[in-house]
Structure formats: structure tokens, C-alpha cells
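These are the structures in question, set out in turn.
In what follows, chain A forms one complex with chain B and a second complex with chain C.
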Partner chain A sequence: MTNDPTTLPAHGDPVLRVDNLVKEFPIQAGLFRRQVGLVQAVSGVSLDIHEHETLGVVGESGCGKTTLGRTILRLLEATSGSVTYKGESVSGAPNSRMRELRRHMQIVFQDPFASLNPRMAVRDIIAEPLRIHGESRAVASARANELIDAVGLLSDYGNRYPHEFSGGQRQRIGIARALALQPTLIILDEPVSALDVSVQAQVVNLLEDLQNEFKLSYMFIAHDLSVVRHISDRVAVMYLGKVVEVADRDSIYDRPSHPYTQSLLSAVPVADPNAERNRRRIVLEGDLPSPAAVPSGCRFRTRCPIAAERCSYEEPEMQTLADGHEVACHFPLSPGESLIEVAAARGR
Partner chain B sequence: MSDTTVEQHQLEAEGLSIKPKSFGRQTWERFRRHRLAMISFVILVLLISSFWIVPILSPYGVNEYDIKDLSQGPSWKHPFGTDDIGRDLMTRTMEGAQVSIYIAAVVALVSTGIGTLLGAFAGYFGKWVDAVVNQMINLILVVPAIVVLLVMGIKFGGSVNQVALLVAAISWITIARIVRGLFFQIKEAEFVQAARAAGAGPGRIIFRHILPNAMGPVLVQITLVSGAAIILESTLSFLGLGVTPPNTSLGKLISDSKGFITVTPSRVLIPGAILTALVLCLNFLGDGLRDALDPATRKTRQ
Partner chain C sequence: MTEPVISFDDLSVSFPTDDGMVRAVRNVSFDVEPGEVMAVVGESGSGKSVTALAAMRLHPGSTEITGEVRFGGRDLLGIGEKEMRRVRGNGIAMIFQDPMTALNPVMKVGAQIAEMVLTHDDVSKKEAWTRAADLLESVGVPEPGRRVKQYPHEFSGGMRQRAMIAMAIANGPDLLIADEPTTALDVTIQAQVLEVMKTAQEATGAAILLITHDLGVVAGIADRVVVMYGGRVFESGSADQVFYRSQNPYTRGLMSSIPRLDAPKGERLIPIPGTPPNVLNPPSGCAFGPRCAFASDGCHEAHAELMSVGFDGTHRSRCHKLAELPDLFAAAETR
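Entry: the complex of A and B
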């Protein structure tokens, strides 16, 4: 799906298929914990991830990216919709089967300080998934040593405790733990957001190396668009619990169709100072609406510079454009069209 | 050079890489710096060992009386004096303190066991499990403890073990509430989510992941519960519902001598002072532990 043939994903069935996934959280209040409202953190997300592919998922904080990742792995139970791993239903799997499925789908968390048990030595942390799945202590430890080595740490670090490591090293430990069960899919939930920029690059490179070595599929959740561009094959843009646009990496960065995607991308700083000076940023008005009271029709319409009346009553369906973009907008921008110009032409 | 080797060198330069410091070791190092807690700890060890050593060295038996020395004040022959039937009070006080310590230990053990288990289940499973445990806790909270103990004391009191279990039946709630709260908090932590993602069941998550991270505040609470148990036992014994003769305890000693407070005030004051010292030391010990275990101070050292 990208121009680079080495990362071309295999054809056929996707490794992971997410279909119309919904996750709601009740808002409770008062003495009797009456339910007074509902937050739809994820509202009807459909996605595919193919073999050896990285799907980037971007969006503002609070748009449901993290909840999406956790709901896929059933760390949170979905309200409705389905998740399928290689044709097998994850959402409907009984506990015993779910345990087996967890071998194939792992997660790396955002916060390298919260994601490692402070009372366990590093080797035990990495060996634990293997112990859970019935490996002997000796085998699990030996494998943990290999993994410590694979993620670029010294193997005599195994006896140490998480607090003795830096953020980047801890994230490597988290990655080693996720790799322990030899999964095919790893959900990377903002794996580098908490790290220094220099360390970010090392971790991203490590992730890419591991992907090639172990033929992994990634779902890379992030809000940093440059990192996502670097690592992803395809990118999904989320706004307020919904996917608004999905396309190949280059196509989404070069020719964003959804007004939200375009304004999001316009916020990325450019390293060239001249270009940076001439860069036209699209500044969205207002804040992200509360997910407890989402706007009618198109969720983005309250902040969209080109919203029309239709947007307020009709929710846009996901449509596939000529260039392969999937976009949920009544008025998708054609390639080369600038949101600012279109808005100006419409007298706003 | 990768960042890990650079950091490795830095760690070696700081002398940190030779021996990994476990959580317990770190805590101990921090605790040692807490002066008041350290002093309390030493006093506690000295006091408690003296309770067992002194009666062995003493020339007098616990219930051995000497009719020539009735109701004596402290002297070289009887450092703590004698009671109204001529028994050596130093031996008796130490024996009584042994009983108090024994009761405190049993209460700490039993109430920690029950409290941790019920608190852990309530906090981890929530829903109806939590509701049931909460109702039990509320029930014990709303009924005045001393009234329950008095009534129960009449029915079950007497043997040292019965008194201890009685006190434990009330003391576990403070531990359960703390453990429950910690579980609610820690079960959402990412390392717990990671364990779930790896397929860990509730048993592994509760005992290997959450409990070890909740033990700090529980340890602090255990010291406080032990102190409270000594006081509760003394109260019961003072009211005549605790341990029964020929057994004795600090509370019982004070109770027995309350009529002689004008004749030999030392009979009340000495066991009272020991009681106070024990409870104070336990509380200071708890304070020191809390500071040593506090994750906030730990953060700054990262």
C-alpha cells in the first residue's frame, strides 16, 4: 500500500478486523449511582490491519484512540460491534479461548513509568507472559534474556528493578514484554509520547527493526503526526470517537480530504524556517465538544470552516474517493484543494 | 554508542550498577534515616526482649508470694515493688506485657489476614462483592466497638486467645478499608492492564501485581492496629472482661492496682508507662514506615 515494496503488506484477509466497534461509559451521579448520561468514547469504528502492516491512528487527546486500542484487546468490554482476529471472533471468545488469543495480540503502553510493576525484577516482568502461558521458569527466564538482548538492553539488567531505568529503557522493557508471546499484532498506545525526542527516534527505529524481524502488524496510536508519518503504512484519523479518514500514509499527508485532517496536518511545524514562515495554519475555533453531548449530524461541524446546513442533520457515511481515500465527509476536499481557500470562497 | 551503554557507564560511575537495590532494601535505607522511628524501633526491640528475658532471670515466680513484703514500693529487692499479696511486680509486669504483646501479635496477624483478603476481593471485583464487604464494615463501624466487646467478652472472654480473636474481629475493618481503596486505585494501573493483556487471571493479578504494591500502607496500618489492640485489650482487662487470673496483662495489672493508687502509685504508673511506651513506639514506627514507603518521596529519587 506504500510505494516501498519491502513494506508492502500481504494480500488476503486482514490480521485484525474491527467492525462498527462501540464503547460507551456510563456517567453516574447521585446517591444511588443513577446513570445520568453516556460517553461514547468509541462510536462505530471500523478498521482493518493487514499482515506486516502499520496502521497509524491519530487524533486529539480525548478522541478515543486509547479506548479503541484497549477495547480491541478486551481490556475494556465493547458495548457493541465486533473484533475479528484472522477470521476468529475476539469479542465473542469465551475466557479460555481469549487467553489463547492474547498470545497473538499484545500492547505497549504510553507511560513507561506506570506500565512496569515496580516490585518485580525486569527479567520476571518480561518472563511473566510466558509463565502465564505455562512455560517453565527456566525456559521463560532464558527467553526473557534473549528478549532483553533483542530490544537493545544489556542482559545483566535482568535482575534490576524498573525504577533503575530511564524512560527509554523502560519502554524497551515494555516492548520486550509485549514480544514475549511472539504475537502477530501489537497495539502501540502512544509508545513514544512520553519520551525525549532523541530517545523517541531510537525506540521508533527499534519498533521498525522488530517489525521486520518478526513480521509484526502494528496499530500505532499517537498524536505526533511526524512520528506517525515515519512509521505507518496507512493512517486513520479519529475525531470524537469516529474515524473520519483512512488512507495510505503518503496520500493522507499529501492530499488530505477531510477538513479535520487538513487542519490537523497544517499544525505540524516544518523544519525549514522559510517554509515555516509561509506555512498557513488552519486554526480551528472552539474546543473539542464533550463526548457526552456530541453534535448532531457530522461531529466535526461545530468547528468545521466549511460546514453547511446538511452537516447538522445528516451524519456523513464513510465513502471511498477516486484516489482510494476513505473519508466521512459530505464535502471532501479534492487533491490540492486548500481548506482556507475553500472556506474563503464560501464567504467565511 | 547506544544510549544504553552510555547510561550503563553513567550508572557505573555513580556506583549504582554493581548491586540492584530491591524495593525492601531501598525502604530500609530510607527508614534508617528516620531518627524518631529508628529510636522507637530500638526501644521496641529492647522492651519486647526484656519482657521475655527478665522473668527468666528473676528469682521470683509469677505467682510466688512473699507475705513479708506486701504492697511495697520499688526497692532493690523488688525493683517494681510488690502487690497486695506480696508478689514481685517486676516479674508480673513482664509476664503481663508478654500477654499484651502476644495479643497484639495475634490481632495484627488475624486482622491483617482477614482485612487484606476481604479488602482485596472487594476492591478487585467491586460490584456485589464490594457491597457485601462494605456492609460488614459499616455494621462494625456503627455499633460501638466497646459495647460489642463487653457483650462478647462476657460470653467468650477469658482465655488470652479468645480475647485476641475478639479484638481482631473488630480491628480487621481498618485494614480492609485501606486495602480496598488501594486495590480500586492500583487495578487501573497500566502494569495491571499489561498483565491482563498477557492473559493473567484474577489470582495472579491480585497476589502478584496489586498486593505487593499495596503492602506499604498496609504495613503502616499493621503497626497502628497493634498499638490499638494493646489498648483495646487493656481496656477489656481493666473492665474485668479480658484475661482472667491467674493470667495477667498490662491492663489487668492496672485494673488490679487501681485501689492502691494512693498507697503505691508505682503499681499503676509502671505498667501504664510501659503500655504508653509500647503504643507510642508502634505509632512512631508506623510514621517512619509511611515516610520510607511513600511513593512520592521515591519519585524524586528517580
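Entry: the complex of A and C
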């Protein structure tokens, strides 16, 4: 089973280490595209992903989760910070070495309609990375056929074109292409969000099977917390460019320490009318602040029901709690403590 | 028994396309009672949105439409455009997925709401603006007095959704049709908007026809549920009947394929094999037949009728194997 913790290495170097990664985008305006500001989409993120592990990354739109994935693979160049793959610096790798490293680190995109070349047959789409990396046409084609089979498509689909396929089938094609170079790490950016509910489960199961078969590590980026809980071993929660909490999947869902994690979880609708009737939902006030004008101190404080004065001038450092949660909050919730009650006790 | 707010009676909708006729909705019948939340659930191509758009008569001219949509004692499909315009907004109001499709980007938000008020009520312009601010306040827009003078682009996504709800309830409609109202929103904003919809409904007494693919949203807000697949109603009943005592293989399959937040560690999802039917070339017989674990030869020959489950007629399901389903479900559980 994918999620059996005994299969995870307790020690050893991580496959991927992200250290204090920052990605800024300039805000340009006017005729001469003068820079008038900066957006920090990713703002000092540090994470590890171990062998055969799935790290879920969740957050709402604008939290920087997609930019994080792309910056790790250097599809976007980082502003600062470092990414290491099995001890080797990805950030400093020259282009020739980077091409080699990309064999090991692949990405699957959200939109299965935009990420496949409509003019290429499916077999050629899957074989393309192999051809780029110098395999002969025959070898690449044979490998593509194996992959078509591995992702559960019929073998004669290789001659067809993307428009002939449904969303779920296209996502399988995208996954097959990502697997072509036998990577160890795949960044999955919202891989099932565009799919119908009944088809999502097929792709989630496929990803789990492939992970076991090829000993893959996943970074699973998504906004759907139920899917993330299902597939992940550990979960990182992001808010406005920062990781606010990281913990094991059960632990973070059962005992969320950060007020944002608890609010996010309480907002997820559950397909169970009785559970919905009995639940106390934390409805956060207001909207996500603009990433171009982040609040001082703790970025969540403008919506946090228990924010204190300290939160407005001092940015919380990431700390490790007794139960193993890493959390960036001045007033983390203890296990079993409810944000609603804590807020009520403080008269809010 | 009170009169339903709206009755769909044997509604069928077809569109001509370059590739042939698409029969998007087939013989759909259901009622929405006053003050209730009725959810129509389905995946892409199920016909759920087309059903709702037919009620508002918001479909292209080339559409072939049969059956009746009864509202306020008349068939909406048979009345003139002028009369229909009076129904829209006053009798039935719509909440869309993307608020920017409903809001005019070059008009102040207050002016748009005031315009709605003025078409219905004979009040002064000043009075209409005051009402606009009150409406914004009632849907939880802070500083309504300042916000009425802003343009839609100055509102965030969640606030725009609120402004659209304010517009929709401006004339106290009997029915609100909400087409995927929270799909484009983040979960924390989605929770706010659902709360606002509930509050607005309690304040106005309007019934809500909610079109969505999200079973979580349905569980949180719906009194009754219609499950659609391949253009047909596959199951209908109270939320409890459909969620806890479903008598339909498709509904069951849908429920077991969604990951649950409270699922035990390591539990594997049970997907429905295959893909939703091709609307241009639907399977013969039961639309779900090719994906159904319980289908036999007869299922591929003709589609089943929607039949009552139980005795009070509140729970209905479309399946050839209705009588055997309890045993089939039980056998599948133990496998």
C-alpha cells in the first residue's frame, strides 16, 4: 500500500530538498513597462520529499503552489533559495546538466486539453521526451507502447490524436509522457481537478499504482483537500506564498495546529448530509489579501480569528511542535483545541 | 399539498450541431416546492445546466424543445418574450458561476441593483439606491454605502458573487436558479457564499434550484436531490434518501468514487470504469449500462423507466434491476 508508513525511509537524504525558495514577479505598468512593484508568489519555502513519498501541497488560489512546482523544476527561474535533487544542486546546474536532471524530475499539468500537442499522435507525444534524450525512433516507440499499456489505455490508441480522447484519457496520456524517462520525482499540478468526479478516482488509483510500481516520489499540488488527504503521506499547507503548516496526513487532518489549516478543513463540504448538519463551520472573514500587498507580520492575521498584536509586527518562524507538526504561528492550537472555542474564549 | 413553484414536465431539449443532433435533456420531470432547496447533480454532459437554462428560456433559437415548464400557473415555454422578461428577475432570478457574466463591468454595482429595483417597484431613484445598499448589507458586503459606488472590478471574487446574489434577490423572486454558484471559488470563500445563499433564502422565502457537480455542496444545503446522467433523471428523492439509501447504481458509484475527508488511512477509491456517455452518440439502452457493474443484456436494449422506490412516491430511481438492487448492492459490499 502506498500510504503504509513502514515503506517510507525514516532516515536518509531526501530525494528533493527545497530550501528557502523565493520567486518574485515584477509588476510592470505604463508604456515602457516600468517596474512598479513586486509580487512574491513563493516567499521562502522549505520542504523535503523523500523516496517513495507523496507530499501534498494545498492552498487556495494565489497561495503560490503552482509557482512553487514550476520554480522547483526551473520552468521558472527562482529569485533566491536552493533546490537540491539527491544532494545535487538543481538551482546552480548548467543547461546541459539541467537537461539530464529533468529526466529524473517530471511534471503533469492540470489542463489535459492544453498540455498535449493536438497535431501529434499519442505514441509520438509519449515518445517525444525519449527522442529528445537521444533514443532511436524504434526504441522510443516501443517504450511508448509499454507506457500506453501501463497507464491503462488500449494499445491501438497510440495512432490516435488528443482530440479523440476524453479528459481522463488525456490525463493518462500526460502521465505516460511524464513517465517516459523513468523519473524518480513527478510534480503533479492539480492533475485531477479538471476531471469529472467518476473519472477522478480512476486517475488517483492509477497514480497510486504507478507510484508503487516505479517507486516514485510525488509532489501533489491541489486545492481539493479530500483528494490530497487520500493520496498524500505528508501535507504542506500554503497561504500567500508561505508554508504555514507541514505534518503527516492523518495528523494534519485530525489535529490541525495552524488557525488557517483548521479553517480550511472546516470549510470543505463533505458529501454526507448528517455530518454537514452537525458541523460547526469556521467561516473566515474577508478575502485573500493581494499577493502584491501582503500584510505585515503574519500574513494570515487579517483573517485570523485569534490574531493578537504581536502577529502584526513579528513574522512567525517555522517551529516544530511536540506532536511533530511544523507550524508557522505565534499561537498554534494544541491537539484537540478548536479555533471557534479559542476565539470565543478571547471574546471574539 | 401546496402548488410547486416550478414543474418540469416531460422536458426534452435538443441542439443541432455540425456533428449531428445532441439530445441534451430527455423527458425530464420534477417539481420544486416553495422554499425548498432542490439540487440537480450530474457530471459534464448530464444535461443539468441545460434543464435550468430551459426554465429561463436562455437557449439559442435553433434549440428544439418539447414538454412543459410550469411556473405561476402557465407554461414558460409557451409565453411571449415580453412576458418572459417579466418572469426573469421578478419571478425567477439566476445566480451564475461567473459573476462577471451577470454584472455589467462599466456600471456601478449600486446602479445595477437599483436598476433591478426600479424595473419592478415604482420608487424614486434615491430610494432604489438606498435599497441597493441594504441588499448589499444583507448579503454581507461590508461598508455597503461605499461599495454601491464601486465598479465590479473593484470587488473580489467572493464579493462579486455576493453582489450578484443581492441583485438576484432584489425583487423577491419565488425561485432562485443557481448554476454552479461556488465552483470557481476557493473553499473558504465557497463557505461564505453558501452561508449567504442560505441566509438570503431564509429572508426571502425563495426556493432554490441548485445545479452542481459537487456532492459536498449538495449535502450541505439541499432538501431534495435529482441525479442526472446522459440527459435523464436517474434518481430523485430527499437528500437522506439519495445519500444514505440510494437505489441506483450510478448514484452509488458516484458516492463511492469520491475521496472522503474522514476515510480511514489506505482506503482505496472505487472508481466508475469508463467515461460519461458521448452526447452525440449515446449508448443504446441504459445510458449508464456500459459502465455499470450490474448490467446484463437487457440493460443495453432499452432504457429503464423512472420508477417509485418505497411506498410514498418520494424516492424514484431509473434502473432495470430495481427489484434486485438491494441484493446486488449487498453482494458487492461483501466482495
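Quick note on the criterion: the second predicted complex is superposed on the first by the 338 of 348 C-alpha atoms of A that agree within 3 Å, B and C clash if a C-alpha of one lies under 4 Å from a C-alpha of the other, contacts with A are read in each partner's own complex, and residues count from 1 in each chain.
Here is the rule we go by: a contact is a pair of C-beta atoms (placed from the backbone, for glycine too) under 8 Å apart; a residue touches a chain by one contact, two chains touch by 3 or more.
None of these values were measured; they are calculated from a predicted model.
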item	value
Which of chain B and chain C A:344 touches, first, second, both or neither	neither
Which superposed partner A:38 touches (first chain B, second chain C, both, neither)	neither
Chain B versus chain C as contact partner of A:168, first or second or both or neither	both
Contacts of A:284 with chain B and chain C, given as first, second, both or neither	second
First, second, both or neither for A:202, with chain B first and chain C second	both
Touched partner set for A:275, first chain B, second chain C, both or neither	second
Touching partner for A:308 - first (chain B), second (chain C), both, neither	neither
Which of chain B and chain C A:29 touches, first, second, both or neither	neither
Chain B versus chain C as contact partner of A:132, first or second or both or neither	first
Residues of chain A contacting chain B in one complex and chain C in the other	166, 168-169, 198-199, 202
Residue numbers on chain A that touch chain B, as the complex places them	70, 73, 75, 98-99, 102-103, 105-107, 109-111, 113-121, 128-129, 132-133, 152-154, 159-161, 163-164, 166, 168-169, 172, 174, 177, 180-181, 198-199, 202
Touching residues on chain B, where the partner in the complex is chain A	2-5, 7-8, 11, 16, 20-23, 189-191, 193-200, 204, 208-209, 212-213, 298, 301-302
Residue ranges of chain A in contact with chain C within the complex	1-4, 60-61, 166, 168-169, 196-202, 204-205, 208, 223, 225-227, 229-230, 249-250, 253, 263-276, 281, 283-284, 287-288
In the complex, chain C residues that touch chain A	43-44, 156-159, 186-192, 194-195, 213-220, 222, 239-240, 243-244, 253-255, 257-263, 265-273, 275-276, 291
